[in-house]
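When the chains are written out, they are named A, B, C, D and E in that same order, and each has its own residue count from 1.
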Amino acid sequence: MNKRLFALLSLLVVASMALAACGAPAATEAPAEAPAATEAPAMTEAPASSGGESMGTIKIATQSPLSGGQSLLGVAIKNGAELALEQLGGDLRGMGYDVQLAPYDDQATPDVGVANAKNIVADPDILCGVGHLNSGVMIPSSEEYHTANLAFVSPANTNPVVTTRGYAEVNRVVGRDDVQAPAAESFAFNTLGAKSVYIIHDKTAYGQGVAEFFRGAAEADGLTVVAFEGTEETANFDAIVTPLVAAQPDVVFFAGIYNQAGVFFKQARDAGFEGTFMGTDGMDASDLADIAGDALTTGGGMYYTTVAGPASAYPAAAQFASDFEAKFGAPPEPFAAQAYDSMHVCLLAIQAAAEAAGGMPTRQQVAEAVRQVTLDGLTGSIAFDDIGDLPTAQYFILKVNAATKDDWGKNEIVDILEVASPGMGE
Amino acid sequence: MKQIAENPVYKFFLFPIGQIIVFSLGASLVLSLITVLLAYIFKFNVTDFDLVERTLLILPQVVINGLTIGFVYSTIALGYTMVYGVLEFINFSHSEIFMVGGIVGIQLMAYFEHIGVLSTMNEYLVIGLAIILAMAISGGLAVTVERVAYKPLRGAPRLVPLISAIGMSFFLQDFVRLILSLTTGEFNVILPKFGTFDEFWVIAIPAMANPLRIQIKSAIMVGVTIFMLVLLNFLVNGTKVGKAIRAVAQDRSSASLMGINVNQIISITFLIGGALGGAAGVLFALKATKLDPFSGFFPGLKAFTAAVLGGIGNLTGALLGGLVLGLLEAFSASYLGIFTNGAFGAEYKDIFAFAILIAVLIFRPSGLLGETVGQKA
Amino acid sequence: MALLQTNEVVKRFGGLVAVNKMTFSVEKGRIVSIIGPNGAGKTTFFNSLTGIYTPEEGKIEFNGQSLIGLRPDQVASAGIARTFQNIRLFGSMTVLENILVGMHVRLKQNPFDILLRSKHFNDEEKESEEQAKELMAYVGLKNVGNELAHNLPYGGQRRIEIARALAANPTLLLLDEPTAGMNPNETEEAIKLFRRIRDDKGITILMIEHDMRVVMGISEHISVMDYGEKIAEGSPKEIRSNQRVIEAYLGRGAAVAHERKQ
Amino acid sequence: MKKFFSDLYKKANTGIWPIVIALAFMVVGAVSVYQSPRSLTAFLILMATPMILYFMKMDMKVKVFIGLMLIIVILPVLGIRNIFYLEVIFQMAVFAALALGLNIVIGMAGLLDLGYVAFYAVGAYTWAIFGSKQLSLLHSIPGAAPADAPFALAPQWFWLFLFLGVGLAAMMGILLGLPVLRLRGDYLAIVTLGFGEVIRVLALNLDKPINLTNGPQGITPIQRPPLPPEGILQFLRTILTPIVGHPPTDAEFYNVMFYFIALIIIGIVILVATRLEDSRIGRAWTAIREDETAAIAMGVPLVKMKLAAFAAGASFAGAMGALYAANRTFVSPETFSFQVSIGVLTMVILGGLGSIPGVIFGASAVVLLNIQILQNFSLYLSDLRQSDKIIPIINFAWKDLSNQLDPAKYQKLVFGLILILMMIFRPSGLIPAERRQRELGEDKIEEE
Amino acid sequence: MAKLLELTNVHSYYGHIHALKGVSLEVNEGEIVTLIGSNGAGKSTTLRTISGILHAREGTVMFNGKDITHTTPHQIVDMGVGHVPEGRGIFPKLTVQENLDMGAYTVNDSKLIKERMELVYETFPRLKERVSQYGGTLSGGEQQMLAIGRGLMLNPHILMLDEPSMGLAPVLVDLIFDTIKRLNEQGTTILLVEQNALMALSIAHRGYVLQTGSIALTDDAAKLKKNEMVQKTYLGIE
């Protein structure tokens, strides 16, 4: 009897907590079926400074892991998008729209990602989205975006499947595994003249995808693959480094993220590896230099491929880096710039669709507009082909000249490769 | 003979060191022999190079790698096993205590770098200070965690403190992240570069083509852990408090009848376990060079496995378990790829470790050195 | 032939010989007691009989079947039920459920019956519930079927243990200090209950007991253990006047008092 | 104060009142969800209805009727207006089934299993491998799947594989159980933990030598079971269009279908769990948990019963795994991490170890907390940070709140705190286990 | 004689089980008092309640004029209450020496410790032969000696012994009882719980008979020995 009383009371407490927490947004929410018609009254408190009459609220969602072990990159995505919204949202605000960010935490798990996707889809204010970090979350979640016609721009997912399903709503501002890898391989084989390569990846969809394609390309070229390893280890690479040093390949290709790779590079160099390190766009972070130190500049040095031009070549990128650090207190992690660009795509598309529709656009209109967007972003020129890929991805091959964080800007472009998207499949 | 056994120098110094040497050499030797044997068997499978030669080429290095990480596992495992010994529950948040130790250590070094004294200070002094600070903070944290999250649950069904520990583990991860984010804006903590730890001692061995290369860092890790283990051995076996800890672990109600303040002893146990974890954290950080609030999880899991492998609740068992697990990992990760011609690789090392664990437990259900009568009355 | 016959049973723990060459038999339909000082190996002997321990040496035969190497559940299926020295009930189950667990060996329901709630299942459950109720009444428990076992007072818990053991319809019932902790009235009732169990149900009873009123009152045969060995056996009268028993167990004082009384 | 509430509760729990309250919650909840489909409050009011039905005294028939109304009519209709709710309920059902399975192993039989997610993975990968194109890609490089590869089986095969998933998972349960049965407590825990990791690492690595699992890339697309025939869908569309305001799409029908499949499975799981609990087998499990020695002395075969517990627990996870693979049309090893095992364990213990309603409630509460309440809360705070609002008393503008304090990043911290506090203040769970009370025809002892 | 220990209407519980139902008893300075009763009657519970392992829910426990009803065990030990528990409570993986050290945990005077140690070894020479052996490897009799010896290390004001004769051969029982008597003569007050009632009553000054959690009878030991109920129930004399 007492227990039941408790259960009921606890339920009431939960309910009232939820009321307190969510009363405000619930009150301003409009019914689903006619967003445009009922928006106006809710917007009475729109700031006068935005000028013009109030046209309604537009939200742009982000989904990425904000908590847990992968939050480093997930938060970078959110922050990149947030900065873009702040800096570039002016045009839409000028048109009378209140533009807001709705950051969702997918916890790097598909369950939460899909649930959030359905939640996002059910919020009529959300017209576009930026995310995810993990392909494993993006792929199932994008099924929901697809059915709801909600455009999503991915700043990080390089798994081919993301776009090869041919969904009109799914786009990405990054290359694909099967694009980046051959570019890197060609550089290793042709420019560096490597004879043997040791391939290692981080056992994620991203790393393994790139690594597999790299291997494919290497085998086609006759570049000897000494070993092909995946590892989830993040701290102690002794067990891999030891046979690696014994094999002494010309190049070690690491497909993964800098905070794992940096430790690996350092330990491999310390153990006596003299050859060249290569990495993917996951290496594009100044922290890499702090972690790996002079392992990057000694021996055969280090090269990485990236779609984002270095600060030296792109003044906009330098500006972005300093703005980012000013706002968030730390330099941008990988994918922050891509998220900035993704948000930029969303904003431009919504703006174009709103202008075309003469009012609040539908999701369909926004999704169609996304495919029309062209822009010169932080990470190069962006446009989308008919499946949402960059039609040609431009890859910069950078040579690392930094042994500390502050020198990261000294990295130089040694090669630029243009690779066309392979489209739907072979 | 009896005289020697009772001699404190032997009892608290020579014996434990001897034990450690026997364990590490024994385990290494057994695994090395098996590996070389396997190399002969698989020789015909590999055509690119001479398998036996390659095996022998890297063997010393693999053993050193295994021992280095094995000692770290042992030190963390001791924290699990001590708490298990007195409270019979798995302190899930120990991996976070360990992580905090590592981060505190790195932050201290980063602070020295920041105020510009790092390069002028004696490098070993820096490490010593970092370890001491980490031990203090991790130990204090462990005691606090016990007071807040476990003590109120004493006497509850055994799964209840386990869940509380899991909750504490979540909490600590994000709490550390919160603090790091607020102070540094990010949560990767990177070891500043100083000293000569990355360098190698090269020892030429006449019978071998390649010289033996031992990284100074590895030597420090092994040296400090052995020192800690000997110290712990003295603490537990040679002092009154240590005896009280053992008494509480063996029979809590009897211990209280001896006038032992059981709560105080439990706190001290957490303090020691936490301090060991903190020290292990700093050593691990030396190797890993980068930590984040989530990097405690995997080493913690491994150390926990090591504790069980050795027989949870048994201090010597934790030492042996850690060494065996570290060596197994190093061997399987280094050789699986070579032996199977790339069909299996380092990624199977965890499967290997767990398979061995299961095999050991099937034949010795209470671990390598555990009591055969598993349950306490 | 004896219902239970052991031959030179030895059980060791490490260096300690807990049961040493016990040769012992129980005739069908009798009430037999084992007495001896605490720590004499009585309970270890019980545990060896029921398969909890496997004796290192010797033979144990029950109803012509060897029990050596059988698991405890197999021993139970063979028809030996027992109670424990320090009551071991399933504390958070109800009294009724405790008794139903005791019936485990003779229930025939298979997983399909259970999942489909077949007629067979329902009949069997109903029947066993009825029997459990009868058993509760039989051991003198009222209105406690739905109580959690650990909520019952001590005497009640002792009774449940007996009811639970009877639920298996055993041929032989082993009672390990069944009246420990009972007051004289409760003990009187327990004695009556044991008699009834033997007389009505024809169940043979083997018990360990310290209370001499119980031992002397109802045993037809007594074996005395000390240091893992059987040091004497015989009728209550014989045991009472056995010098060795008096020294080892009843105490010199008892002997003195005894002599004085005679 | 306490007395006032308990009197109030007593009054509310007599006569017609419970029905009135249940109906009131249902109607108010339904109408408010209909009106503002995104309101969490409205949804929680609606979700309180089953709780009221469970806890308050009313005629069984009325309970069933109201319950069925809610499940068959109201929720699907509201769910089509906002499919997120169907997703929430779907996940509640999936995790409730997992928690019920784990509850058999831990709650009933008392065997600590930290690698339960392995069985979920087995179920999921069973259908994922056969229900996708993977079988024809066994020799391809992961990630380089040609789009024109054929599906191995027709989607209808899902139904068979649902059962195969159950069977295979149960077999894995026995396989794991056999070697480790002699282990006690924490040794068992670490071995099961290892087993869970082994299964995940296998899923991650079995892309070579033959590409069975496609490694970290995961398997997609996986087929869904076919929708009902077009005639029925057309009929449903006609009825539903005026109610929900638009003709329901196929995607929405899929959501509803999965909702119903999940409900049917969870229904069966609950039925199986309660029936097992109330039988010779369930009693044997509890007896083993309470006192192994006494149980075995009563003739309970330890090995057989423990294996049965592993198998039964695993089979629930197998079923939900297969369903999950079909629902997501995608599986990858990330879904089967150790954290999920821990998550399910917390659901079981938070809800009430050994208590079937408790475990379901625990799973629902954690899912709700994880994907809705905490998420909404942080979105709300994020809204505040983007607005010009000010914290009243301390006069602090939300805007100036440090970005590093963004609450969205600290859900796990809150969750951890909740776990600790729950264990301290309510260690036996939200709805602690109670034993079944039988009509024994005995004189009832009155409660004081 | 001064009252050293006094229990007034003490009720103790194990969870739901009401184990002591209003026990009142007293022990005077210098006495040997014995508690007899069958298994489960509450003898050990009484001792556990005195030493603070269990706290009385009702009633008071006074020791040396101080209320110790809610005092923690280690403080009670510190006040000079030694308790040799049933089953001996030897630390199986501590050596004999270490077990004895534990007995003197609250004593800080190393000279005193040494003295007591010598006394113990003198009383039980067998222990001296086994100094560095693990407690768990001792035989039952040796363990009992160790347990009593450990109790003596404290130099207790009152020593409570729970079933010291359990599992011991008659010769050893005699030895133990002689030792108890001698200790008492040297000034230690003894509270003895014993199943071997006759033996206990033969060395005690006074006795209490416990039945199902309450005191059924109390008297001088000699008189109790002749009591018919005691004889019938506990002595096996018809």
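Just so we're on the same page, a contact is a pair of C-beta atoms (placed from the backbone, for glycine too) under 8 Å apart; a residue touches a chain by one contact, two chains touch by 3 or more.
Remember, it's a predicted structure, so these values are computed and weren't measured experimentally.
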Topological distance between chain B and chain E, in contact steps: 1
Interchain contact steps from chain A to chain B (minimum; 1 if touching): 1
Longest centre-to-centre distance from chain B, chain (CA-based): C
Per Cα centroids, the chain farthest from chain D: E
Pair of chains whose C-beta contact count is the highest in the structure: A-D
Where chain C and chain E are represented by their mean Cα positions, the distance between them in whole Å: 31
Centre-to-centre distance between chain D and chain C (centres being mean Cα positions), rounded to whole Å: 46
Gap in Å, rounded to a whole number, between the CA centres of chain C and chain A: 71
Centre distance in Å when chain B and chain D are each reduced to the mean of their C-alpha atoms: 37
In chain A, residues with contacts to at least two other chains: 67-68, 71, 203, 230, 328-329
Numbers and ranges of chain B residues touching at least 2 other chains: 174, 177, 185, 347
Contacts with 2+ other chains: residues of chain C: none
Pairs of chains, among all present, that meet the touch criterion: A-B, A-D, B-D, B-E, C-D, C-E
Touching residues (chain side chain E, partner chain C) in the complex: 15-18, 38-41, 137, 139-140, 163, 165-170, 195-196, 198-199, 201-202, 211-212, 225, 229, 231-238
Sites on chain D touched by chain C in the complex: 271-272, 275-276, 279-281, 283-284, 286-287, 290-291, 293-302, 433, 435-438, 440-445
Residues of chain B defined as touching chain D within the complex: 84, 90, 148-149, 152-153, 156-161, 163-164, 166-175, 177-178, 181-182, 185, 301, 304-305, 308, 312, 343-344, 347-348, 350-351, 353-355, 357-358, 361-362, 365-367, 374-375
Chain A to chain D touching residues, read off their complex: 1-5, 7-11, 14-15, 18-19, 21-26, 29, 31-33, 47, 66-68, 71, 75, 78-79, 100-105, 107-112, 114-116, 118-119, 121-123, 134-137, 139-140, 143, 147-148, 159-161, 164-165, 177-178, 203-205, 207-209, 212-213, 215-216, 230, 327-329, 424-426
Of all residues in chain A, those that touch chain B in their complex: 67-69, 71-72, 203, 227-236, 238-240, 242-243, 245-246, 259, 262-263, 266-267, 270-272, 287, 290-291, 293, 328-330, 333
